[in-house]
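Right after this note come the structures.
In what comes next, chain A is part of two complexes: it sits with chain B in the first one and with chain C in the second one.
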Partner chain A sequence: MITQNFAYHAPTDLEGVVAALAGHDAVIVGGGTMVVPDLTHGRTSADVVVDLSRAGLSGITRAGDTVVVGATTTYTRLLRDGGEQVPPLRRIAGGITGGPQIRNRGTVGGSACYANPSSEVPAVLVALGAELRLVSAAGVREVAAADFFTGAFTTARRPDEVLAALVLPGPAGPFGYHKLKLAESSWPIATAACVRLPGGGLRLALGGVAATPLPVHLESDDPGHVRAEVGRVLTEPWSDVLADGDYRRRVAPVAALRAVRELRATEESRGIREPRSAQEGEPR
Partner chain B sequence: MTRVNLTVNGRAREIDVETSKLLVHAIREDLGLTGTHVGCLTGDCGACTVRVDGATVKSCSVLAVGAEGADLTTIEGLAGEDGLHPVQRAFWDEFGFQCGYCLPGMLLTACELLEDDPDPDDDAIVEAINGNLCRCTGYAAIVRSIRCAADRMKDTP
Partner chain C sequence: MTAIGTSVRKADGEVLLTGRGRFVDDYVLPGMMHAAIVRSDVAHARITGIDTSEAERAPGVELVLTGERAARHSGPIPHFIDPAARGGRRAEVRCLAVDKVVHAGQAVAAVVARTRREAEAAAGLVRVGYERLPHVLDADAALRPDAPRLYDDWPDNVILHNHYGTGDVDAALETADLVVTETIRIGRSTTAPMEPRGYLASWDRFDESLTVHGSVQNPHQLRWMLARSLGLDETRIRVVTARVGGSFGLKMQGHPEETLICLLSRLTGAPVKWIEDRRECFLSGAREQVHRVTVGAMRDGRIVAVRDRIVANAGAVTAQPGWAMPNMSATTLASGYLVPNVEAELHVVATNKPPLNAARGFGKDGAHFVMERVVDLVARGLGADPARVRRVNFVPPDRFPFRTATGLNIDSGDFPGLLDKALKALDYDALRDRQRELRSLGRHLGIGLAFELTPESADGPGTFVSGFDVTTVRMNMSGGVTVLTGVTSPGGGNDTAIAQIVCDELGVPLSWIQVVQGDTDRCPSGFGNFSGRGMVVGGGSAALAARDVRAKIATVGARMLGVSPDEVEVTGGVVRVSGEPDRSVPVPDVAAAVLTRAFAVASEVEPVLEATRAFKPGNINHVPDERGRIQPYPTYSNCLHAAVVEVDADTGLTELVDFVMAHDCGVVINPALVEGQAHGAIVMGLGAALTEELVYDDEGRLLSDRFKSYLLPRAGDLPKVRLEHQVTPSPFTMYGNKGAGEAGVGGAQAAVANAIEDALAPFGVTVTQVPLPAPVVLDLIERARSK
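Our next item is the complex of A and B:
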């Protein structure tokens, strides 16, 4: 049980959320799957809890050449309703740890704001070049995903701000992804997500292997280059009960290679790229 | 105390709870429905699974005050007037439980699965129950029970 009572607000619109946050260091509850157990176990405390579930922040809409994913869009909603506009998020939604109960309740915005190094959402947002739309009484600002995640469980969101939406560049092109986890009910050890950039090269982001998602710019999908760049950026690997830093350092390049290989295979199957020549070889 | 109005297994109920009260504790202590079990209180084990507006949730991860207006189904709402729900019957016939602690969560999760996918293969069943831990590790019998329930339910118009 939660030992401390708190003021509870469930505003019915964004303005109400902003008003409830002003002047408080409130705990924001999206789906509650991580924050409520934290309250139960005393890992976080609150004088004020602001519940976003009635604030109308769920849903997926097109806006110009972007796709806007409301912060409280659940994984189940991504799988069922509009998720085809954001295939990478739909893809990870199906494999979220914790079963359908967590998919029904857990939100992509909540995962971003919680910033667990082991979560899948943060690195995918970095790979896609997403912006996070933060709203407060002072106004609206959009922060690039690469700048949003400032440390393990910490983000650039100020206490008076609420994450209203994730803004993804569209249309979604081919996407490569690989997740390494060692048991069905466990957290990922390493994830790698990548897209091809219009100007050439790839934007890859590693998740689970460091305190924050690690962006890796790749000039090509040459396996030696991928290994070298991953090794160069992964200077402080994350250690936890699931895997130590040395293990993560070893598996991160493999996850990256597999994501790049999947991206390439998707491009080839769609006729965007020619099949790899024999000289190039397959990623190991 | 905050007044919370709910529909619980088809009946309108109202309870007064502290803001800090978890839904699982409100279900057991204020609604008197002790079939919903308290397990890990971390959202891992699934023993506290109930359905809120049709969707399975882990009720240890929901504030009771947040359930205002919800249509709640607990394990006590599963059996009908003519006896056990087909999923319960299948678990009974296939010896799908040992100590029974995970059972309410397993049953409600299985019901949601079969509504979405009336003919799941074993991989889909395993995937569906990966948020429900059986500490007796009786998973083979659980998967067999859900398979049995699916086979029987699709033969029943």
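Our next item is the complex of A and C:
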């Protein structure tokens, strides 16, 4: 039960949100799947709570060669309405096993801002090269996902800023993804998301294995190269009650290889790439 | 007989499905207040002082109670099973810690306020001063001479030290062809019912009586216990067990909050409700044990000796019966096998972890896990098929009743029959072919078998573990039947099955029968639910009482029909002349005659349409035999589990591919209810085998306190669990029925562990622990690879 007293604002537009944030160290609630339990258990204290649910920040729209995903777009909405424009996000929305309650309440923007090392969204945003649109009384700025996540549960968002939207480059090409978790109810232990870059390399991001998503630049799909690069970037693995850092260090390359393999298979099935030659071998 | 043996729907199914089931938290009384509990955040400390002043000034607060004040108004909580009565050590347990805390999470103060929110907020303002003491969390460490001691008046931390078994293990090991020694660890898991504990106590200051609504298993025993701890006359206390949303042993009484909430009501003069939150519920632990086991076997597969030195981590002492579970881990060895020489040494050890609480399996799960691992280790050592080694060692069907080396007198069974059924359901030989094929492709399929023998319906002399129970069957003037029974249901549905028995024995339709449980003012004094006893003794006593009432109905009905009583049958609510369906009289007319024509047509019977009977099953014997063995169980259900898994050797993840349980609980009263219980027990075992573990930090504080960190299986984690039934009637119960509902945990754990070892045979992995989450399995693989 939430025992603290706080001022509660539910502005009906973005200007209202910005105004409510000005001058306060407010707690922002998107869908509330993380923040409300934190308030209940006293892990977060608040003087001011700003609820985004009525601020009109939900929805998926095309804007030129980008797709703009409103910060309070829920997982359910991604699965139902417009999510086909952002297949990677729809993919993770479909893999969220918390049941309808979580999918109906949980938001992509909320997951990004909460910056839980175990969440799926941050690393996917990094892999996709997303920008996060932050709005405050001082104006609008867009921060690259790779710069947004500054530590476990911390981001580049200032207290006076609200995340209004995620801006994703479009149209989406093939996407490789792998999520490893201990059971349906488990947080992800390791995730890997990757896209092909012009020139044949890969942008891969690991999630769940470190305090922040880890970008991995890959020159090729070669399994040895993938293993080596993952090993090089993963210097301080995340550890929690479900799995220690040693385990994450061991399975991070496995997740990466499986994501790369899936991307490759999609490319081959779409005729974008030739089937792998026997010499390249099959990554496991 | 019509109702018995059919899958009658649960009597309360509609109420539950439409959200009208009334649980303890649904009771609201005028002037009701709410309690919140301040818990220790240190594992071992002296309390140097408690500052309640800020909490007392907080909005809505009625009372802040400390342990010191509580001790002036209440006494120690009596033990459900007194360790001293079993040759062990007792520690005084109070509803709030007085001078010292012995585990993190222990209740040290309580707040009563107008709302739960105000109570929780004020609880956060209570300041407790602690002088930290060294603590010990590991049971082996707690056994060392220099270990910190939890209880100042104990010489060590041992609650109970005992030896079990007969035969000459040393001599048998000398002659054995194969001797295997292994250390096997069982992690700490918990019951995690959907509904946590909760109590609503209402002290009536006018007639000085106490009414307690609670989510509990044993209402009469709770009444006795509260009378002791609160210094009240038992006749002034009424306990009503509201509908219970699962308990699995957790809600057997002895918890401090039972006394505490009643005391808070007495001190405030208001009804006080406390509903445990999920984090509090996770404080209750179960199962944690280490077994150092040595087994000897002959070349032909016969196991000739088992020695097991068991160290059980009981956590801090509680009045709840959980500490006694490891006893059953020792006495249930060597399960249903013909092992002539068994020696078990048991240390039940107190540590600064939260207390062990009763949990489904009640320690027998530990014996099954270890014994079934041992059988597989023997099979592996001999290069034999694990199914064959089981078959060689099973007590054969013609040897029952069979006295085991630890004294259990197994009533009946056909264990090879279960094995046949399970192997056939698996298509075992084809599955072994498939396993070889997949191995050649680098995939790791594993098959694990596990037998489980579940002693049920226990009786412990001088304890509340009682081997009988009592039921009243009462017919009203309309022919309607109220069944009041001393057994309770934790949600599994024994009320429905008891109604089925009364339906058949009394001869009235099911819809005329209402079963009342869990109210000490209405039901006869009984013992609630535990140990698979609901149908053995609740069903048995209901049958006896129903027969008594039926006899009167038959006598009077026959007279109304002008025939002798042995010429009539009572069925479907009608008394009719056998063979002459047209000559009948409705049971309600007979009931009315008994009550209104007592000096005329009903003059041959005593005009009470009610009977109260106790049922005492056979096969219980507390007189020690020449080797000191007692026999506290009437009947032993048994089952054979088969798990098929595929292990991802790169990540350690185990996928459950298939699961079969061949099950024998004797004559089945309601197959759907038995299967529901079996599914639940199996899944509890699968969770404890793979991902469920209570994890503490070095300071003894619980880390896995949510369902995101304590991972229960979800539907997507599970294969379709397939059940095969076998019926071997028990000669010692009313219908040949055996207990159902408890069997499943240890066998499922063992089958999965055996399957994982089998899957990883190419690496030479030996599985020596549960749970086996992916990180543990990957460690096993890497350690085996690096050898």
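A few remarks follow.
The criterion applied here is as follows: the second predicted complex is superposed on the first by the 282 of 284 C-alpha atoms of A that agree within 3 Å, B and C clash if a C-alpha of one lies under 4 Å from a C-alpha of the other, contacts with A are read in each partner's own complex, and residues count from 1 in each chain.
Here is the rule we use: a contact is a pair of C-beta atoms (placed from the backbone, for glycine too) under 8 Å apart; a residue touches a chain by one contact, two chains touch by 3 or more.
Predicted, not measured: the structure shown is a model, and the values here were computed from it.
Of the two partner chains, chain C is the only one touched by A:Leu182; chain B is not. In the superposition on chain A, contact of A:Val49 is made with chain B only, not with chain C. Contact with chain B, but none with chain C, is seen for A:Thr76 once the two complexes are overlaid on the shared chain. When the two structures are aligned on the shared chain, A:Thr3 is found in touch with chain B and with chain C. Set against each other, chain B and chain C touch different numbers of residues in chain A, with B touching more.
In the superposition on chain A, A:Ser111 contacts neither chain B nor chain C. Once chain A of one complex is fitted onto chain A of the other, the partner contacts of A:Tyr247 are limited to chain C, with no touch recorded for chain B.
Of the two partner chains placed by the overlay, only chain B lies in contact with A:Thr33; chain C stays clear of it.
Common to the chain B and chain C interfaces on chain A are residues 1-4, 41, 97, 184-185. Interface residues of chain A, counted against chain C in their complex, comprise 1-4, 41-42, 97, 180, 182-187, 189, 241-244, 246-247, 250-251, 254, 284.
Across the complex, chain A is touched by residues 2, 18-22, 25, 41-44, 46, 49, 55-58, 60-63, 65-66, 68, 109, 112-113, 126-133 of chain B. Partner chain A is touched in their complex by these residues of chain C: 116-117, 120-121, 124, 279, 650-653, 690-691, 695, 703-704, 707-709, 711-717, 773-775, 778, 782.
Put simply, chain A touches chain B in their complex at residues 1-8, 10, 29, 31-34, 36-37, 39-41, 49, 51, 53, 76, 97-102, 104-105, 184-185.
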